[in-house]
Every structure is written in C-alpha cells, then in structure tokens.
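Which chain is which? They are A, B, C, D and E, in the order written, and residues in each are numbered from 1.
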Amino acid sequence: MTTTPVLRARGLVKRYGHVTALDGADFDLMPGEVLAVIGDNGAGKTSLIKALTGAVQPDEGEILLDGRPVRFRNPLDARKHGIETVYQDLAVAASLDIATNMFLGRELRKPGPLGTIFRLLDKKRMREESARHMADLKIGLRSLTQAVETLSGGQRQGVAVARAVAFASHVIVMDEPTAALGVKESGQVLDMIKRVRDRGLPVVLISHNMPHVFELADRIHVQRLGRRVAQLNPADHDMAEVVAIMTGALQVKQDESVPAAKDAGLS
Amino acid sequence: MTTTPVLRARGLVKRYGHVTALDGADFDLMPGEVLAVIGDNGAGKTSLIKALTGAVQPDEGEILLDGRPVRFRNPLDARKHGIETVYQDLAVAASLDIATNMFLGRELRKPGPLGTIFRLLDKKRMREESARHMADLKIGLRSLTQAVETLSGGQRQGVAVARAVAFASHVIVMDEPTAALGVKESGQVLDMIKRVRDRGLPVVLISHNMPHVFELADRIHVQRLGRRVAQLNPADHDMAEVVAIMTGALQVKQDESVPAAKDAGLS
Amino acid sequence: MPVIEATLPRRLLSTPIVGPLAALLAACVFFSLNTEQFLSGGNFSLIIQQVMVVGTLAIGQTLIILTAGIDLSNGAIMAFGGIVMTKLAVDGVLPPLLAIAAGLAACAVFGLANGLLVTRISLPPFIVTLGMLNVVFALTHIYSQDQTVTELPAALTYLGETFRLGGTNVTYGSLVAILLFLLFAYLLGQTAWGRHVYALGNSPDVARLSGIRTQRLTISVYTIAGLVYGIAALLLVSRTGVGDPQAGQTDNLDSITAVVLGGTSLFGGRGLVIGTLVGALIVGVFRNGLQLMGVPSIYQTLITGILVILAVTVDQLSRRRTR
Amino acid sequence: MPVIEATLPRRLLSTPIVGPLAALLAACVFFSLNTEQFLSGGNFSLIIQQVMVVGTLAIGQTLIILTAGIDLSNGAIMAFGGIVMTKLAVDGVLPPLLAIAAGLAACAVFGLANGLLVTRISLPPFIVTLGMLNVVFALTHIYSQDQTVTELPAALTYLGETFRLGGTNVTYGSLVAILLFLLFAYLLGQTAWGRHVYALGNSPDVARLSGIRTQRLTISVYTIAGLVYGIAALLLVSRTGVGDPQAGQTDNLDSITAVVLGGTSLFGGRGLVIGTLVGALIVGVFRNGLQLMGVPSIYQTLITGILVILAVTVDQLSRRRTR
Amino acid sequence: GGNGQDTSTETAAAKVGLITKTETNPFFVKMKEGAQKAAQAEGMELMSAAGKFDGDNASQITAIENMVAAGVKGILITPSDTKAIVPAIKKARDAGVLVIALDTPTDPQDATDALFATDNLKAGELIGQYAKAAMAGKPAKIATLDLAPGVTVGQLRHDGFLKGFGISEGDPSIVCSQDTQGDQSKGQTAMENCLQKAPDINVVYTINEPAALGAHTALKAKGREKDVLVVSVDGGCTGVKAVQSGQIAATSQQYPLKMAESGVKAVSAFAKGGTKSSGYTDTGVTLITDKDATGVEAEDTAFGLANCWG
C-alpha cells in the first residue's frame, strides 16, 4: 500500500424501491489523477457519485476520504471537505442570475461591520469574480445579471462547471459535464480539467464520450449493473476493447486490492 | 432547381426580449438526407428547429414544406405534417409510464364501439407496440409500466428517440438526441437514424459530437450567431476545418441559392 | 435486459390510494368501537348523503388540481348554480328541467371563464379563482336579492328521494355522486383525455411539445369542472330542498382537503379521483363519528385539523417506505 | 463575447414591481377624480393603517410563497398571538412587555410547527397550514373561552398612538409595518439568507445540491413568518384596542391576494416583498375608494373580484411585452 | 335521512342536541353554557354542533342528521337560514324528535314545535326609537354597520332600527352602509371609511357590540366619540360595560341563557312524559342605557350587568 486513495468506497448499495441502482459498488480515486467513470445508461454512475458526495445516503457500504471513514449527510458536508460536484441535470437555479448561481451557498459578504453585522452581500465582488471565472472558461455570455433560465443548455452547463472548478480544493466530480456543450466549450472544459489536474487536484469524470475519456483519463472505472467491473489503464487498451468491456461483451480479471494503474496518474 | 427542399426557411428571426436568438436564419433540408446542424452553444440551433416545428412562432421569415408556404401554430400542426421532433430537455412527462409517453397525443383506442363511443384506450396494444419500438432501439428497461421519472437520463432520452422514430412519416428532427446516451445506446440511435434515412426519410440532427456528425451527415448546416453561415459537404472538409468554420476562425463563401451539396444525400 | 412487469403486490403498495383507504378503515373501526350508532347501514347512507355535495365539488377540484391548478371558486359557483335553477323554476321563467339545465350551463360558463383566464392570459389559477370567488359570490347575492328560494317543484328535489337498497334508504343523489366518481375514474384512467390531463399536470411544456393542445385541454378541464359544480348544485338543492345564496362558502377548502386526503398531489400530474372519494368520506366519517361521540364542535375542529395533518403524514410515510 | 450589463430602462421594465405600481397609481388617480375625500394626507394615513395588519401578515406570506409554499394559517396564528398577549397581560400573569414577548413566541412556535411538518415529513404546505388553521382556530377559542379581551394596559396599544408627520397623523404601527417591509426587502435582496430563499423556491433539489441546508432554511422561513404574524398580532391589538378571538378569519386569502397582486409568483422563487406592500395598498385603496364613492358592500365584493383578475392581467400582459 | 332509529338503552341518559349558527360567537357560547348547565340539572346528555360561518345551512343540516342518528330526544337550533333549514327539521320531526328554535324563528315559524326567542326586529326597533328620541329633532346623519349579505338576523335588526327611527331604506339621512361580519376590526375599518366619506355622521347603528366598539375606536381617533350616538344590539357583558362607560349609548339586551335553559327543560319534559311544548315564548329584549331618552322604556346598566351574558 504505497498510496492512500483520496476517495475510496467499498460495497456501496443503493436501492430505489425495487430497483437496485448500486449493488455493492467499489470505488478508488488516487491523488492527482483523472479518473473516468464509464458505463451504460442506468449502470449506476450517477447513483455512485451521488452516494460519494452526500447527495444520497447509501443503504450499505463505507466511504473513506484520505483513508479515514466519512459520512456525508448532505452535499454541504462534502463541500466542506473540498469536494465539488457538477450534477447531471441539476446544476443551477433557473430564476437567479449567473453571479448568484456561482456563489450560491458560499456568498461573499462586504468587509467590515457591513458584512459581519449587517450580513450585506458584496454583489460587486461576486460579479467580478464570476466574470473572471467565466472568462477563464471562455464561455460567452451577454450579461452576468441575466437569469440563468435565459441561457442555452450549454451556457448553463458552463456556469456549473466554472463554479465547481473555481471552488474545489480536494476533489472535483463531474457528471457528464460536456454532454450539452459545443465543441469549443467542450474543449475549454477539457482544458480546464487538465489545468485542475496539473494543480494536483484529482478529478472524477463521468462521460459517454470515449474520445474525451481517452484524451484525459489516467484510469478508467467501468461501471456495470450497479458495480465496478473493471479498472483499466487507457494506455493498455484501445477504445473498442474498453467499449466491449463496458457493454459486457468482454470480461476482465479484476485486480481488486490494488488499483490497476495507481501510479499512472502522476503527470 | 432540380430538387425541391423538403423543408426550407428564409430569413427567420426570433427575439427573446433583448436577445436575438435567430437573426435572419435560412434553412434547407433536401429529400432523404441527414442534415447535421452544428454551432456553438447559444448559436440558435434549438431556436431554429423550434421555429421550424411549431414550438415557437418566428417573429419574421417564412417556412416552406415541399415548396409550399406553411405556418405551424403549434407542434401538433407540424406533427400532422409528419414532422416528429425530439426536443432538447423536454422530451417526456415524468410521472407517466413509458408506454403512455410513447403514445402521448396519439393514443390508440380499442377497436369497435368501445373505442369510438366509449373512447376506451387500448392499453395492451400500446404497451406491446412500445415494447417493440423500445426493443428496436435495444434500450434495456425493467418495466414498461415504470414511471419515466424513475429512469436514468439516458433511458429517458431513449424513450423520446424511439417515439420520434416510430411515428415520423415526413421529417425527423432531433435536438442532441445522443447527448445523454451511453456509447452503446448512442450507437443504436445512430443506427436507427441510418435506417430511417434508408427508408428515404430526411433527418435533421443537431449534435456537438463531430465524430457522430461525420459518421452520419450528408450535409452540414453551420449555425453561428443566429444565422446560417455555411452549408458544407463533409466529404470536402475535415473535422478541424469544420470546427474552425463553426467557431468563426475560418470564413467560407456561402453559396446561397443552391445547397452546396444537394445531391450528396442520396445514398 | 428483459422487460419485466412489476409484481402485483408491489404495484398495489405504491398505488397512492392505499394510504387514504387505510386511514378511512382505521377511522371506521375506531368509531365502530366507540359509538353504538356508527356501524349501521343507515348511518353509512347518511354519511354518503352528507359528503356527496362536497365530494362532487371535489371531483371538479381533482380535475383542476391534476392540471397543477386549484379552484377556490367552486363553492361559490355551486351556490350560484343552485340559485339559478331554483329561481328560474320557482319564478316560472322556465319549466323545472330547463331551469336545471340553465343552472348547469351557468356553472359551466363560470368554469369556462376560469379556464379562459388561466390559458389565454396565463394567469395563475389560484388568483383567477380567488377573483372569481368574489365575483360569483357577489352575483349570487345580487341575483337572489339575498332571499332563500323555497317551495321548489318536485323535479328539483327528486334526487333527494330515497330508494331501498339492502334494507337501507339511499338517496338518488348519493347514487348520482357515486356514478360521477366512477365516470371520472373512467375518463381519467381509460381515455386519451385523461392521459392528457395527467401529462399537462406533469409539465405543460412537455405536453404542448407532445402535440397536446394544452390550452384547449385546460379550458375543457375547467369547463367540465364547472359543469360538475352544477351537478353538485343540483345535489345540494335536492338535499336541502331550497336554493340557498349562502351555500358553499367553505366548500372550496373542504373540497381541496378531500382531494389531498385522497392522495392527489397539489403539484399536479399525480392522483386518482377515487382517492378523492375516499378523502371526502374520511372527512364525513370523522364529522359524523365525533358528533355521535358527543365531542363539542370546537374540539371537532381541533381534531379535524390534527387529523388532516396526521392522515397525510401517514400517507407520506407509507409512500416513503415503498420507495 | 464581452460581458455587457443590461441597460437600465430595460431592467426597470422587466422588474416585476412596475405592473403593480402602475395599477396602484391608476387606482389612486381614478379615486382622486371621482371622490372629493380620497386625495388627502389623512386619508392615505388611514389606508395605511387599514392595510398594515394584512400587509404585515403578507410579509410572512411572501417569504413562504417565495419558497414555493403557501400559508393558510397566518390569520389564525395572528388571532392566537393577539389573545395570548392580551390575556396574559390583562390577567396579570405577565407584565405587559413580557406578555407581548410571549405572544410573539407563541406565533413563532406555530410557524416552527408548520416548518417542521413541511420539512421533516415533506408534507405539502397547503395541507399543513390548512390543518394548522383548524388547530390554531380551535385553540384560540378554547384558550380565550370566546371572550374578547378588553381594558388593555397602555403598552399593548402604544403602537396605535399617532405622531404628526407633515400635517398628518400617522400611527406608530404604520411606521413599524413600513420598517418591517424595508427590513425584509433588505434581508431578501442583500443577504445570503435571501438568496437562498429564492434558490429554494426555484428548485429545492438544486438548492440542496448547491450546499444549502434546505430543511433548516425552510424551517427558518416558517418560523420567521410566524414571528412576523406575531408582530401583526401586536399591530392588530394596538389598532383595535382589544384581543379578539374572532380576528383574522379571512386574512389568509387576503394576504395571498396582496402577495400575488404584488407580482410574486405562486410557484416560488420570483417576487419582491416591496411588491407585496404595493399589493396590499391596492386592496386598501380600492376598499377605501369604493366606500367613499358610496358603492354598496356587495358591489364592492364584485368589483374587488374583477379588479384582482384585472390587475394580474395587466401585470401579465405588460411582462409579456417586455419578454 | 331520519333512518337512525333510537337504539339507546333505557339506562343511558336521554340526549338533547344544540345546534348554533357558529361555534365561536360569545352569544352562542353562552347559550351552550346555559344548555350544558340545564342538561346536567335535568340529568340529560348535551350534544352540540355549529355551522362554520353565519349562514352555513349545510353544516346545520348535517348536524341535525347526525343528532337524529345519535338518538336525541330533542334538538334546539338557532337556524342560520330560516327557510333553508325547514326541510331538514321536518325530517327530524318525522323521526319523532322534538325540534325547538332558539333565538331566531324558522320561516314558517310553525316548522318547529316551539320557539324560544328574542324578537330581533323589536331589538332593532328599540334602539331605533331610542336614537330618534335622543336626537331630539336634530337632523340625523346615519351610518349603519351591518352584518353580511343575506343573513336574516342582520336584516331584521337593520330593518327594525330603521322602523324605530321612523325612516325607510334609501332615506337620505342614511349616508353610509357597510358590512362588518360583526367583526371588531372590520367595524373599525368601515367606520373610518364612513367618516372619511361623511365626516358629519352623528348616529351609528351597529349589528353587534364588537362592531360598535370598532366604530368607537374609529370615532375616537377623529375626536368624535363624544358627539356621535352609537347604538347596538346584543347585551353581552362587554357591551353593557361599554354602555356604562359611555362608548355605546344604548343596546338591546337579549337572553341566550334563558332561551337555552327553557329549551333543555322542554326537551327533558318531552323525554320524560312525552308532552311537546309548542308556540312562541318570547324570552324578551330590554333596552339598556344610562342616558334615558324620554318616552322609551329602558333599564340602566346595573340591570344590564346583572342579566348580561358572555
């Protein structure tokens, strides 16, 4: 055991009524790596990361952060540990403007007694910082005081991604962050993920886009029927093979105790 | 003028308050072709196809179906002309089951007086036919009487695509149909689109996924800042070029009157 | 993956009507044990008579709530319909049957007006029907000159007559109300119109993009609801034997209570009209049972309040378990 | 693409308060032209006194509606609070100021109870507060034994006293109500708590996943609303000089009317508390103006109904234009 | 209805039902207290019910049915709607139940076996006569603070006041009429607006004493409480005290306790011996004032306080 996984889970189970979304899933995220999570629709990818980030409570199983058992009762718990998540479909509050969404749940207050006593928001600074973060991602927006509901699907996703990138200090989790994005914007998100990785922050990336996965991932977690069926090093496999494993056409012997390519992530 | 476009639009304008989503957009869909519509986020792709399918009313401009001017006051008007659309984000009714969603707005009634007088639904037949359509797309579902809200994002999209494919008789329009789909399911949707095209039905496909676009499209409509800036033949350009045109890095001379590759679509 | 139908017991458990039914049964058992007079055919017939007016109003309310709307004007519309049919008949303006038809039509027209305001100007149903409540209330009092209409021709009170069913007297009105529930259970569950109502309540955008004429559908729902309020007016007239301008003033909230106790979601798109019948019966059973137990009326109010909360709580918790 | 701020006039036009303000102004102009007595400082002071109780209730209602909830129990809670503070003071159980505090606390506790039921058991606010309405109503009558509490110590009626402002007598109570509106405009618009309330009303899921403790926030909203109802109780007591168990019975719908006329969406997440002030004033101006014109009560009801619908219609149409 | 046959055993106490217009008006609360006491004295069990608002006929019908089903011997009712309740009362009487109207007669009056009541028209008339006399020929500007559209009591008292004052509906001296639901704060608002409209109002008729007190508060704010004559109906203790302190000039006192007691006794008699009481028993109405107006028979507040309810 040379490296402790940043985030580790064993035997996660999550049932929705008579549907078992997670059926004893394991998970390992190593320091500094980009881990792609792939799998068919309904394989339990979203359920897995929701369980890992406090958005749902697993029925069974344990989660370890830096080797210590943790229990996130809500997404805020996870956020306090520096875990930022871009959730599929549920990223932004429609009637609020972009800057407000960026800082939702961690608003900046004015310095001095105006902020501490009168709890006055520092709207100007939040707008400026939002503008900076959005500019980093090069997402073109007409106005930061525009309500998010007036944005196109892709622009909204851009806001959510920019927010996660801006605030993560420990782990970033992204559930299909580029699904709605255009080519240019996707490219920018991918660049952003690379930059985050270069800062040493590990990233969990759920994606159905194999070219993206192969471009970015240090390791690939393959989810199937509610559990992890393989951990692959993209260098060892080609796209067709990975897809075959994912769809169950090909079986791999799973090396359980040690992540298959635990040192591949250090760029 | 050898071929009349199936669907044609000239000078479409659509404003939302002070945002101009469509700024004099043109559109041409030739018989039997797969036309990819690409463009950055916010370029007005969704607005364009909403205007073409009656989901929104354009402020200016005209639409011609088989050369005849038409005005769709609502999506039903378009559907009556055999135009089926899979809308981005707004595909299915969450609390209803899969079979009901498949047949929403065109329910089957029992034969005989039970149907004509008592308006009794033929639930069994709708379930069976839905099962058949879903099977065609090979979308794995536990139960057809399951509410759509219990499905994963991808499964939902699958239901919407299967519905459009099942009922279209004139044109199919799909706004990012594979955005939420897994590799396998995406492949199935692409196969389905090919089969539809082979039936001679033209398909409009909005997608950010360039490999998919190049795999399928007979022609590419490039949307930028609310208007069509180019019509390309994928055989004449490589992916990098197309992306450059899309993002405005490269300019093309637009051949307005005749679609650039009007005979490329006949397979 | 194979397509498997959900097994029956599970489906039954997840049906939204189980909770309300259990609450109703529990209440019946409780009152049977605690009063001598509760458990009798005559008393049940009485309860049904007592809830049939609010129950019928609640049918219309269910339709509207299923579309994610709400109707605060239903009691007022019923009162107006009752005055129209009795006054036209008693004043001899129209023969009784035509007077009834005129009352039904008046109610349908107010429903239509609600529907038009909700769709054509996209106003929130709450505020439309709140305004309509005031308008119709005022019209009722102006038209009736605040006079109760009495000495009704037989046709107007016919539904208040009873027939014997297994040793118990049942009014024709009760039968009409039950049949109406069955009719709407059929319309909502077995016809395309019903499907569209659910879809509309789920998401108007999705419904519209699915080719449903949502405006026309919404208008049809409000108009049909209005017509149902007209039937409630006839049931009320036949039950009380008079046309009463003061009728129905708290029936808007009472009918909503019945709908919600019956397990229908106020957010639209989920619920069953048969649940509404159960919900109306729960209220009726409690009022009747508490009265039989001799509980003073202010405590009845207290207990009803607690029970409304308790019933939905039990319902909610039982659903959570089956999730 | 550069980040451009929307130009000012456009922003102004799209602000939801413009419609209600225009309606208010139009009403004022109309009544000024049609009655001699309307346009005077004294009359405006009177209107503010008349709407301040419902207006204050409507502040709490606004908070709750912004979270996509609704409160039918606010008038009942206010009546209870009024009885608690007057009875404790008059019976000599507590000194007047502590009695007031006890009344405020009682109201906050009922608000808390609403909040707990809405969050912990995830019941719909409509049904929770409908049940609570019955419970609190009954408790008020049981506790007061239906007796109006009179001969109040001065502390309880202090806010009913007036001071002169530019030649017009203004009550301290009016001032308190206006200050409350400003306070909540500040809290909603300028603090994180306010942002979270809007986010919650937009989508509870998004708010929760954004790290907002939605349950705690919801409970805080209902509790604060309860406290505000307590202040409304004090305003009512100081205005009428008695503790009245019959108070507030129609104030739930009246306060909702004010909120909606003020441009706040019943679906949550959109609206301004200052709009609610305008909405309350619209109702007050109409009641006052119609009465000055000598319109009979029943026609006032009719006209109020029509105007509620008309005002939201105008508001809706003006918004549609700026879209 | 009327199917709930008498199943009570001989050992159980006979039941008597009381149905009031609302459950919260102090007048009816007092009535219930009186009935409770009398029932205890007679060894009977009292069941009570009420409408949800003044004018709620449907709830009263339901209450009658449930009481008949519970096997009551007799029902005492203050009908919310004097005509609309008649068919339901008939069914109860057909089922062998003695029905007595309290406070308000049914229409027709013989729809019930008996009536123990105050004459509301007369109550209004008394204060009308009093106001006329007190004005002593001065030109009157009258505000009427009424109950609610279409409620019989309100109409009777209003009509009685006008009759006593010697004017008819639409008389130019009536400068302001407003509904108050008998509610204090609504009474206050109505009075404020009336004063705004016609600042020279000098006579105020109110439906009940809460409305009168609301009117007084509004008058006081304008400094008019001394020179405006406020008259009312009810005679509750709060109201009589207000007469004593001069906030109200005069009120017509009614006797709900007496109505209830007599009613329960009548039912008890019927339960024991089968004698049905019948006809109209006037439980009386007395004008209470400390400022005697010549020619109008009145008692002072000492008498009023000794006999007041609530």
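Everything that follows uses one rule, which is that contacts are C-beta pairs under 8 Å (C-beta built on N, C-alpha and C of every residue); 3 or more make two chains touch, one makes a residue touch a chain.
To keep track of the chains, here are their UniProt names: A, B = Sugar ABC transporter ATP-binding protein; C, D = ABC transporter permease.
Keep in mind the model is a prediction, meaning the values are calculated, not measured.
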Joint neighbours of chain E and chain C (ABC transporter permease), given as chain labels: D
Co-neighbours of chain E and chain D (ABC transporter permease) - touch as defined: C
Distance-maximising chain from chain C (ABC transporter permease) - centres being C-alpha averages: A
Centre distance in Å when chain A and chain E are each reduced to the mean of their C-alpha atoms: 71
Where chain C (ABC transporter permease) and chain D (ABC transporter permease) are represented by their mean Cα positions, the distance between them in whole Å: 30
Cα-centroid distance, chain B relative to chain C (ABC transporter permease), in whole angstrom: 43
Sites on chain D (ABC transporter permease) at which at least two other chains make contact: 6, 141, 298
Per-residue multi-chain contacts in chain A, two or more chains: 16-17, 140, 142
Touching two or more other chains - residue numbers and ranges from chain E: 23-24, 149
Complex contact set, residues of chain C (ABC transporter permease) against chain D (ABC transporter permease): 72, 117, 121-124, 126-128, 130-139, 141-142, 253, 256-257, 260, 265-267, 298-299, 301-302, 304-309, 312-313, 316-317
Residue ranges of chain E in contact with chain C (ABC transporter permease) within the complex: 1, 3-5, 7-8, 15, 23-24, 32, 45-50, 52-53, 55-58, 61-63, 65-67, 69-71, 80-84, 86-88, 149-151, 155
Residue ranges of chain C (ABC transporter permease) touching chain B (in the complex, touch as defined): 1, 3-6, 11, 190-193, 195-196, 198-199, 202-203, 205-213, 269-270
Residue ranges of chain D (ABC transporter permease) in contact with chain E within the complex: 35, 37, 42-43, 46, 49-50, 53, 141, 145-148, 150, 162, 169, 236, 239-242, 244-247, 249, 287-288, 291-292, 294, 296-298
Chain A - residues contacting chain B, complex: 16-17, 19, 38-43, 46, 88-89, 139-140, 142, 150-155, 158, 176, 179-186, 208-211, 243, 246-247
